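Both complexes below contain chain A, partnered by chain B and then by chain C.
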Partner chain A sequence: MKITLDTSTLSRELFKLQGVVNSKGTMPILQNALIEASDSGELTLHATDLDVSVTTTSECEVSQPGRITVRARDLYDVVKNLKGERVTLEKEDNQWMRLTSDTVRVRFVGMNPDEFPQVQRADEVQFVPLPTDRFMRMIDRTIFSISTDEGRPNLTGALFKKAGADRISMVSTDGHRLSMISAPVDAEGKQLPSELEDGVIIPRKGLAELRRTVDLTAPEISFGLRGNNVVVRHENTTMFVRVIDGNFPNFDQVIPESKKERMAYVDRATLIDRIKFVSLFSNTKTHNVRIELEEATCTISAQDPDKGECEEKVQAAYDSETVQAGYNYRYVLDVLNVIGGEQVALELVDTLSPTLIHELDSEEGERSLFIVMPMRI
Partner chain B sequence: MGSDSDAAGAGERHTSPGSEEERIHILSPELADQIAAGEVVERPASAVKELVENAIDAGATRINVEIEEGGLKRIRVTDDGCGMGAADARIAVRRHATSKISNREDLFAIGTLGFRGEALPSIASVSRFELITKPAGRLGGTRVVIEGGERVSEGEYASAPGTSITVDDLFFNTPARLKFMKTRSTEVKHVLEAVQRLALPRPDVAFSVVHNGRRVLDLPVCDGHYARVHSIVGRDDSAYLYAAPDAEQDGVRVSGFFSQPALTRRTTNGIYTFVNGRFVRDSTILGAIRVAYRGLIDRGRHPVVILFLEVATAQVDVNVHPMKTEVRFHRADAAFRAVRRALANGLSACPWLPRGDADAADDGGATASRAGDPGPISDWSAAPTGRPSDATQAPRRYAADRFSGVPVGDSMLDGLPSRSYALRAGGPAAAGEGGLNEVHTEDLLPETGYFSSLVYAGQVHSLYLVCSDPEGLVVVDQHAAHERITFERLRTVWAERRTQQQPMLLPEVLHFDSLRAAILSDNLDFFAALGFDIEPFGDTDFALKAVPAMLSGGRYANMLTDALDDLADTGDSGRVDEAIDAILSRMACHGSVRSGDTLSPSEARALLEELDAVDFGANCPHGRPVYFRMSLAEMERRFDRR
Partner chain C sequence: MSEQKWPRAIFHVDMDAFFAAIEVRDDPSLAGLPLIVGGGGARGVVATSSYEARKFGVFSAMPMFQARKRCPQAIVRPPRMSVYAGVSRRVMQIFEDYSPVVEPVSLDEAWIDMSGTESLLGAPEGIARRLQRDVFEAVRLTCSIGVATSRFVSKIASDMNKPNGVTVCPPGGEAAFLAPLPLERIAGVGPGAAGALHALNLKTIGDIAAYPEEVLVARLGDQGRRLAGLSRGEDPRPIVRSRTRRSLGAETTLSANISGADEVRRALRPLVEDIARGLRSKGLRAGGVTLKVKFADFKLMTRAMKPAAPVDDSAALFVALDALIGRADLRHPIRLVGASATDLRAADEPVQGSLLAAPTAKNEKLERALDAVEQRFGRDSIRRGPQPGYRRTGPGGADVE
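Coming up: the complex of A and B.
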């Protein structure tokens, strides 16, 4: 194998692999990138941690087609620091690879490419398009409340599920709070994959990698399903994410009925700022704050026997009965920080019932809802 | 065990078609003895143990053990016990021959060390064995010689009263076992360990061990447990030992000695526990010791503890294992609680801290370092052997003073999952009941605490506070001290606010096996007190509806499973508290004065005063010591003034 291409192209494509190469683990081959050059002048790079696989393709000058695999991290560290505009990769005997660029000569120890796990093909996947920014908004609004408790594997990912005709939803929960967003999808007359009727659980790692590597300037991504993988394609990159085996809990029953008249409308930026301020007086481990809604006012308070207490009043559009509840303020801030809109609607019932936080002014046709379980203080 | 698998294997073959041979037969008595010997006689030390046990059961007051070449060449155990007549001597070496039990009821009320009737024939089957015995007051004795289980000779023999058993060439006919023997010195170590274990609970018997003609252990008859402990643990270590207050729980009585947290060992070798005078290694007791010392010593270190448990013979089953180092308690939780309480009460009193008034410092503080004086172990509690008169004979005032920490009442210990929350702040109110009160003479409580009474000399290297007390020099690690203070304060706050709960939006369904489910059902209150809201949800399923706010985001199911296993083993669990303590001690570490911070004298004095307000003043939450003290006497020694 011998290829030559722009240094910047190689660097950009290698960056997309870095999140999935495994720096430590029992299979050394998984630290590697598989590099394939075809007759048609196409360079393909693969990396996988067996749960998430990334494949990128780009054009290059192929003097001699072939395959080779070297450590992805080392190759990236070298390439991103090259000064030369073009870089040449050439296979040598015994799986060594020579890299030359301008005045630089590097030789990498490689491994036998036949040992690399089989690369999945996306040929037969039925792809459905989705605007990139919409997909990103769906990830942003759910990824923070995915559980990290390996003891409940079905909660360690977000549920990706059809939500009525031509709508798709993403839901996550860690048991104490729940985030959900649904958005229209234009399937261009094609059916959504049938698996999405019940939904699939996409692990946090896969979502985080997507968020990290997706080119935000590209207008569209497309997704599909193949076996037990969600396949996401954007531009020249394809990512396979193995879905989590298990049933997502039936969350519909815990979502309280929303009532317009119970909602308190508060300025979002002010609320974030003031909760942060009051939280100076919350316990550093339990993160307790209390929120009270009364006519036209939202009162935020916190107390800690070691520090003292603090209270702040924020203007709110509210004219229902006085209610209050305690929270882990981080749960509230997590929501306020990811949603958009100048205002946010809080819907408190009482100290024992779940509290609803509504995103206002959502993008076209998107609907998101957040539920936080109050803390008993 | 070997016989079981042999029989099973033969049985299978027997059923195969066409086989008419008789493959199953009864083992010869010699072979059966050798198999039994495999269980009972593992190494020379186990033979010594069996023989010395017999001697003790025979009422001996002096037992001599002679060994050669680590016991592999010769073991001779001589006692002055009751001896045996000719007929008894002949039958004693047969299997299942014993004088110690005779009917089934006896088996469940065993008061002797031996009872299985296995020791002599087992040992005799793997050695050249000679028994010489004579009951006191008879003219002639008896000698029986057995080689590899075969009786070689027996007859009359002139001897002193008592029994002498010589075991030559142990394992000469079981070369496989012989191969497993370690070096001679290792075997000697094991023999010594075995004799020490037998000697600890019997100060009324003299023991000696001679190896290759050299006396390696000499334990004369002594008065009371402490003297015996002193001679076995050694002078250096016993300076750190204190008598544990007696504790009793549902028929389990505990007494003994415990080390201050400054003395730890890498292994559990320093832990000697006895049930009705029998040395045992029991996970319940070890667990209780671990819980009592939690937060006081480093993980992976072990205290030195000598504990004697007295349990009604019907309440404990010693017939669990041929070696008899395992027992089964009918009420494991009672044993656990009794041990934990004895140690926790002793530890919370911090007897190693000299108290503020001059008398106490003079009497108590200095004795700790006075060579040869068994001072630190005080007679303030009834002696383990039951010498109640001692308290009146020696009304040592310092003893009461040393233990003047406010006692931890039973009610607090039992109501809460660990002694950790029995802070001194809550002490006086809770001191109404409990086994300790009779020894805590409240009116002897000094007004000022020890650390407040120190004269502050200065700070060195921005790390240590140097102070003096009336009888010595005290150096305090400022970071460790402050960390301890912060930790205890955080723990108090947590104890007050443990009701802060984070309910679940989606209750987690916990699946347990039926055993754990049963334990959980019985202990819902226990978990509720910790802040877990758990409801039964079908047969063996439970719904977890709320968790302690401080732990939210944790792995609840794992923690609960571990806690249930603890509850099953010991009737108690500190898992949740351990998790909380870990968080608190991290917080305490960050919130404390750093090593390297310069402290003004007033800051330093404030730190010392605060140190008096916490219990367990001797170690930081990570287990490192907070201070050390050098007595004037020791300094004088170093300057060759003594």
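Coming up: the complex of A and C.
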């Protein structure tokens, strides 16, 4: 194999593999990138940790087609520091690879490409398009409340599920809070994959990698399913994410019925700022902050036996009965920070029931809802 | 004041009606009223009471129904242990500003060894007054301090002049100081020992001091020797810095090496139940869980994780350990397994509510019920039946599933 291409292209494509290559695992070859050059002038880079796989394709000058595999991290560290505009990769004896660029010469120890895990093919996948920004909003609004508790693996990913005709939803919960968003999807007459009727659970790592690598300037991504993988394609990159085996809990029954008259409208930026301020006096272990709604006022307070107490009142459009509850303030901030709109609507049912946080001014056709469970004091 | 040489200067500091005083401090409308802090319910007991309530004969550890009978007008407040613990930490910090050797007895009581500080801080009585003032300025609560040359005498002294008192027993004055006090004031003298002493016609501590020591030893053995010494004010026991509990664990060295995740799980199961029971009996929850494995070659491995919410039942602890076991390489022979609960918090700290019923919620209820049975009928009066993967040995050493 021998190829030549732009240094910047190779650097950009190698970046997309970095989150997937496994530096600590028991299989050394998973630290590698598989590099394939075809006689049609196409370069394919591939990396996998067996749960998430990334494949990117780009054009290059192929003098001799072939395959090699070298450590992805080392190759990226070299390429991103090259000064030369073009770079040449060439296979040597004994699986070594020679890199030359301008005045630089590097030789990498390689491994036998036949030992690299089977690369999945996306040829037969039925793809459905989704605007890139919409897909990113769905990830942003759910990824933070995915559970990190390995004792409950079915919560360590977000549920990706059909939500009525031509709508798709993403839901996550760690048992203390829940985030959900649904959005229209234009399937262009194609059926949504039938597995999405019940939904699939996409692990946090896969979503984090998608968020990191998706090219935000590209107008559209497309998604599909193949076996037990969700496949996401954007521009020249295809990502396979193995879904979590398990049942997502039936969350519909824990969502309290929303009532317009219970909603308190508060300026979102002010609320974020003032919760952060009052939280200086919250207990460092429990992060407890109390929110009380009374006519036209939202009172935020915190107290800690070692520090003291602090209270601040914020203006709110509210004229229902006085109600209060305590929260882990970080859970509330997580929601307020990720949603848009000048105002936010808080809906406290009572001291112990789930509290609803509504995103106002959502993007066209999107609907999101957040639930935070109060702390029992 | 004459220059006295203090061979040791031991302070015993006792906060005055600690829990009740905090309640009054935080709600001044309670000032001057009889106040009881304690558990409600039919079986609650008095944790503490204000001096006003004590006048009616209400004392700590008295059943609540009896306290209410003696003082029906008393206001009853549930204890806020996490608040009291916070105030206590602050107070203990102040003690530590005075001396590095502080031995807390409970939230509201501590010994401080102030020996050798006279040249630096002045006479003990002045130090005690300053300490009282510092405590009051920091937490708006009063305390009473006993100053003496030993643990025993300082503890007696702190109780002589409550509230907000300082009582000093100067070196050499111990025997005279103690002499008029009833001998029941000596810690460890219960009704039995008191009866034996009364039979010798001894009533006060002074009576004991004047009595021939050999006779006391002949009658009461080692206890007699101890009483004779204490009655003269002799108590050489040192003040020991004690650290607060940071974890609660259990481990077992196995009679034969084991290996593999299943066997580790089986060995851990009874340990986990003990830890969970220990947590609940101390009113604690664990914010972290640690797995400990020592291999046959004495290599030690520990793995730790934090459950989503603090836990105190064995199933939830076990779920956490199971996640750690799943991640560990346990193929080599193992000679010891252990587990510990770390990041301990008061169980009455605010607890994050659950949106979904935790898979271990049922077990939590079950274990609280088991605790109640054990409390009434004694340890091991009730046990879990065998569970899947949980072998026990039947008669004749046969495995029973």
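Miscellaneous remarks
Criterion: the second predicted complex is superposed on the first by the 377 of 377 C-alpha atoms of A that agree within 3 Å, B and C clash if a C-alpha of one lies under 4 Å from a C-alpha of the other, contacts with A are read in each partner's own complex, and residues count from 1 in each chain.
Please note the rule applied: a contact is a pair of C-beta atoms (placed from the backbone, for glycine too) under 8 Å apart; a residue touches a chain by one contact, two chains touch by 3 or more.
These figures come from a predicted structure and were not determined experimentally.
The superposed arrangement places chain B and chain C in clashing positions on chain A.
By the touch criterion defined above, A:Asn81 lies against neither chain B nor chain C after alignment on the C-alpha atoms of chain A.
Legend: residue contacts after superposition of the two complexes on their common chain; A:Thr284 is shown touching chain B, with no touch to chain C.
Looking at the shared chain after the overlay, A:Glu150 reaches both chain B and chain C. Applying the stated contact rule after C-alpha superposition, one finds that A:Leu178 touches each of chain B and chain C.
The single stretch of chain C with clashing C-alpha atoms against chain B, selected from 96-104, 132-140, 168-176 or 258-266, is 96-104.
Touching of chain A by both chain B and chain C, each in its own complex, is seen for residues 148-152, 173-178, 249, 251, 254, 283, 285-286, 288, 305-306, 328, 352, 354, 371, 373-377.
Within the complex formed with chain C, the chain A residues making contact are 147-152, 173-178, 249, 251, 254, 283, 285-286, 288, 304-306, 326, 328, 352, 354, 371, 373-377. Across the complex, chain B meets chain A through its residues 489, 493, 496-497, 499-508, 546, 549-550, 552-558, 583, 587. Interface residues of chain C, counted against chain A in their complex, comprise 82-83, 85-87, 89-90, 287, 305, 307-309, 319-320, 322-323, 326-327, 343, 345, 349-356, 358-359.
By the touch criterion stated above, chain A contacts chain B in their complex at residues 148-152, 173-178, 249, 251, 254, 283-286, 288, 305-306, 328, 352, 354, 371-377.
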